[in-house]
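Next up: the structures, one after another.
Presented sequentially are two complexes of subunit A, the first with subunit B as partner and the second with subunit C.
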Partner chain A sequence: MFTLENFLFLLQGVPNTLAISFLSFALGFALGIPTAIVKQFSPYGLGHVADAYISVMRGIPVLVIMLLFHFGMAGIIPVFKSAFLSATFALGLRSGAFQSQIFRGAINSVGRQQMMAATSLGMNRWQAFRYVILPQAFIVALPGLGSEIALLIKDSSYAFVLGVLELTKYSDIVRKATRSFLYPYLIAAILYILITFPVANYLDRLGSRLKTKYGLR
Partner chain B sequence: MGEVVLACEGLKKRYGDLWVLKGIDFEIEKGQTKVIIGPSGSGKSTFLRLMGLLEPPTEGKIYFEGKDVYGSGLDLNMIRAKIGFVFQEPSLFRHLTALGNVKLGPKVVLKMKDDEAERKALEALKTVRLEEWSHHYPAQLSGGQQQRVGIARALAMDPDIILFDEPTASLDIELTWEVIDVMKDLARRGVTMLVVTHELGFAKEVADEILFMDDGRIIESGPPEELLKNPKSPRAREFLRRLIGGV
Partner chain C sequence: MTFLGLAGGFVLGILSALGDVYGTKLMKVIIAGYVEFFRGSPLIVQLLFFYFSIPALTGLNWDAFTAGAVTLMLNSGAYQKGYFKGAIEAVFKDQLMAAKSLGMTFRQTLRHVVLPQALRIVIPPWTNEYISLGLSTSALIVLGIRELTNISKSIAAQTFRPLEVYLFASAIYFIWITVSMKVFDWIYERVRIPGLEVNI
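Right, the complex of A and B next:
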């Protein structure tokens, strides 16, 4: 039997799910913006490094990165002894590559004319980027960032494999304890939607509202 | 004779295999207004972008206040800051209000303090008669208002010259007038201006000289009365006949 107590127990997985998702998003943001900038300006030929980073992260399943960190590299890098941090870093690293692509697209959508107008005022490339291109790109990127958060919330469930006590792990525990095979996962599925939807939807709507206000495409 | 603000010598520009500018000599003195006319594709915009240091020439020299711009290791951005540019395409920074647009250059490039930049910007907005619209975003302004903010944005930098590339080409007739009126004001106040436009009324009233451009060259130039009434070259005559006849 699946009871209210089971449900409340299962809810205890939510904080870790949220923590992994949002911390990895923040890490991804912190990596994504500089990566996009490096790709834009390619200082000291670093553009290739950014390209390599993106290709590698696109090519490896995030679960494999988690396993690699936690089981393969804990000896070399002590933080990976923590399953929670291994999962967060794996997701954050991949998110950095994805977010850099989102920002790249957004930067390109701002257009040459804005750059030209900034240049005509005597701004150097960095000033034009900082004061003119990036603020507009950020608005354009909002819906993409919403999808990225949704992806991270869902993929945080891989942390289950490392034994992190997040939502999926809890639903599995409940399944074993109650021998109820349907409800624990069904409730987990609904909870994932309830977490994902408002965040992604909010960023979507904020993006549309600001785009209309500023006349951005 | 006034001092020459901006000049070029043997200016050429090539895109791939296409020579868009084929050798242009030009100069403009402080306080002058010069108007460029010519058929579509003749290279007017390219010429202006080169003179605004927004693109380098393929050959030839550009002089700003007597100094060879590309030849003497000058800081191009410092010169660009002294050359205003008003574009045909919508070019206001879309995430900033009218005031924000006009303030940004003085703040970021001229390193003015916020209140000083704001004072400068409001003054410029007043010149283009938009002080009441300073808190509107570009998307909330008409095309004519946007172009006037663009002019204010250039003015706030205290430029030594402003280049205008068909600033009214994409505007309705009434909106064209409000922009042209502001430009006439500036010309009368002695702002040095190089203007690509087919508003011949503007040229007649305020231009010191009209230059007719065709196929990458300035093939004729002279005072407005002369060039508009008695163009010497057949190409200019044909062009003006069509422009005035509206055919």
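Right, the complex of A and C next:
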């Protein structure tokens, strides 16, 4: 039987799911902005490095990256002995590649004219980028970042395969312990929807509100 | 698995996109619920749900492979619906009216005016869905299906060489995805109608 106690037990998985998602989002953010800038301006021909990073991360399942980190590289890099950290780093690395794409799209949408206008006012290229382009690009990027967080929350369930105690793992435990086959997964699915929907929706609306406020298209 | 999921998802995606754009209110609500469930929850949870919960609920007995294929189809259909909807809406309303004024029925309009354009527009976003579905077949490991990730896991366990095995598996995925991206780009260029670019 599936009882209230089971439900409360299931809820214990939520903090880890959130922790994996938001830590990997932060890591992806920290990687994504520099990657986008490098790809955009390609200093010292580093654009190819960014290209390679993005296409590798696009071409390999995040689960395989997790397995590679946790089982393949734990001996070389001690951090990966922890399943939790392996999952977080794998998701964060991939998210960095995805977020760099989001930022690059946003940077391009701001347009070259503003760069020219800013440089004609005596700003150098970096200043123009930092004070004119980036603040606007960030607003344009908000909806994209919202769906990226939603994707990370859902994909944090891959950590289940490494045995991390997150929502999916807990629902599996409940299923095995109670022999109740229907509710654990159904409730886990609903919980995921309840977590992802507000986050993505909020950033989406914040994005369009700020766009209107600052008169961006 | 990828191809099964894509094919099933293709049909479901087109149907639910058509239903969402041209259908009744009730149809729209049902489709929105379907899409929200499959896009809002993780594929792994859906796989576990379909493999363990559906048999318990309906008495239907299916093996891991069927359950996995059905889940992938439903999941992919929910994502593809969004792409098809965008593409169908990119074909302007004026064209529908123009077709009507030429005496075409709704079915004829769909068949000869809307779909030929929409199916071309949809290729680039559809390629992304192909990639993401191809990569998420690795989630089938939770049902114990013998796909690339699962096989590499058992080889890694047998040989005690996880680093090499997983790097090799990564390379296989990477080559597969890169090659198929090139193929879809080529198809897109081949069927493109010059001068008819629509940005979604």
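Simple rule for what comes next: the second predicted complex is superposed on the first by the 217 of 217 C-alpha atoms of A that agree within 3 Å, B and C clash if a C-alpha of one lies under 4 Å from a C-alpha of the other, contacts with A are read in each partner's own complex, and residues count from 1 in each chain.
Just so it is clear, a residue touches a chain if its C-beta (ideal position, glycine included) is under 8 Å from a C-beta of that chain, and two chains touch if they have at least 3 such contacts.
None of these values were measured; they are calculated from a predicted model.
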Which partner does A:G45 reach: the first (subunit B), the second (subunit C), both, or neither? neither
Figure out whether A:Y131 sits in contact with subunit B (first) or subunit C (second), or with both, or with neither. first
Greater residue coverage of subunit A in the superposed arrangement, subunit B or subunit C: C
Based on the superposed arrangement, let me know which partner A:L216 touches: subunit B (first), subunit C (second), both, or neither? first
Thinking of the overlay built on chain A, is A:Q113 touched by subunit B (first), by subunit C (second), by both, or by neither? first
Contact-wise, after the overlay, does A:G122 reach subunit B, subunit C, both or neither (first, second, both, neither)? first
Per the contact definition in the header, classify A:S157: touching subunit B only (first), subunit C only (second), both, or neither. second
According to the stated criteria, A:S171 is in contact with first (subunit B), second (subunit C), both, or neither; which is it? second
If you look only at subunit C, which of its residues touch subunit A in the complex? 36-37, 40-46, 48-49, 52-53, 55-57, 131, 135-139, 141-142, 149, 152-153, 156, 162-167, 169-170, 173-174, 177-178
Could you please specify the touching residues of subunit A with respect to subunit B in the complex? 113-114, 116-124, 127, 131-132, 135-136, 139, 212-216
Which residues of subunit B touch subunit A in their complex? 52, 54, 77-85, 87, 89-95, 104-105, 108-109, 137-139, 153-154, 157
List of subunit A residues in touch with subunit C within their complex: 55-56, 58-65, 67-68, 71-73, 75-76, 150, 154-158, 160-161, 168, 171-172, 175, 181-182, 185-186, 188-190, 192-193, 196-197
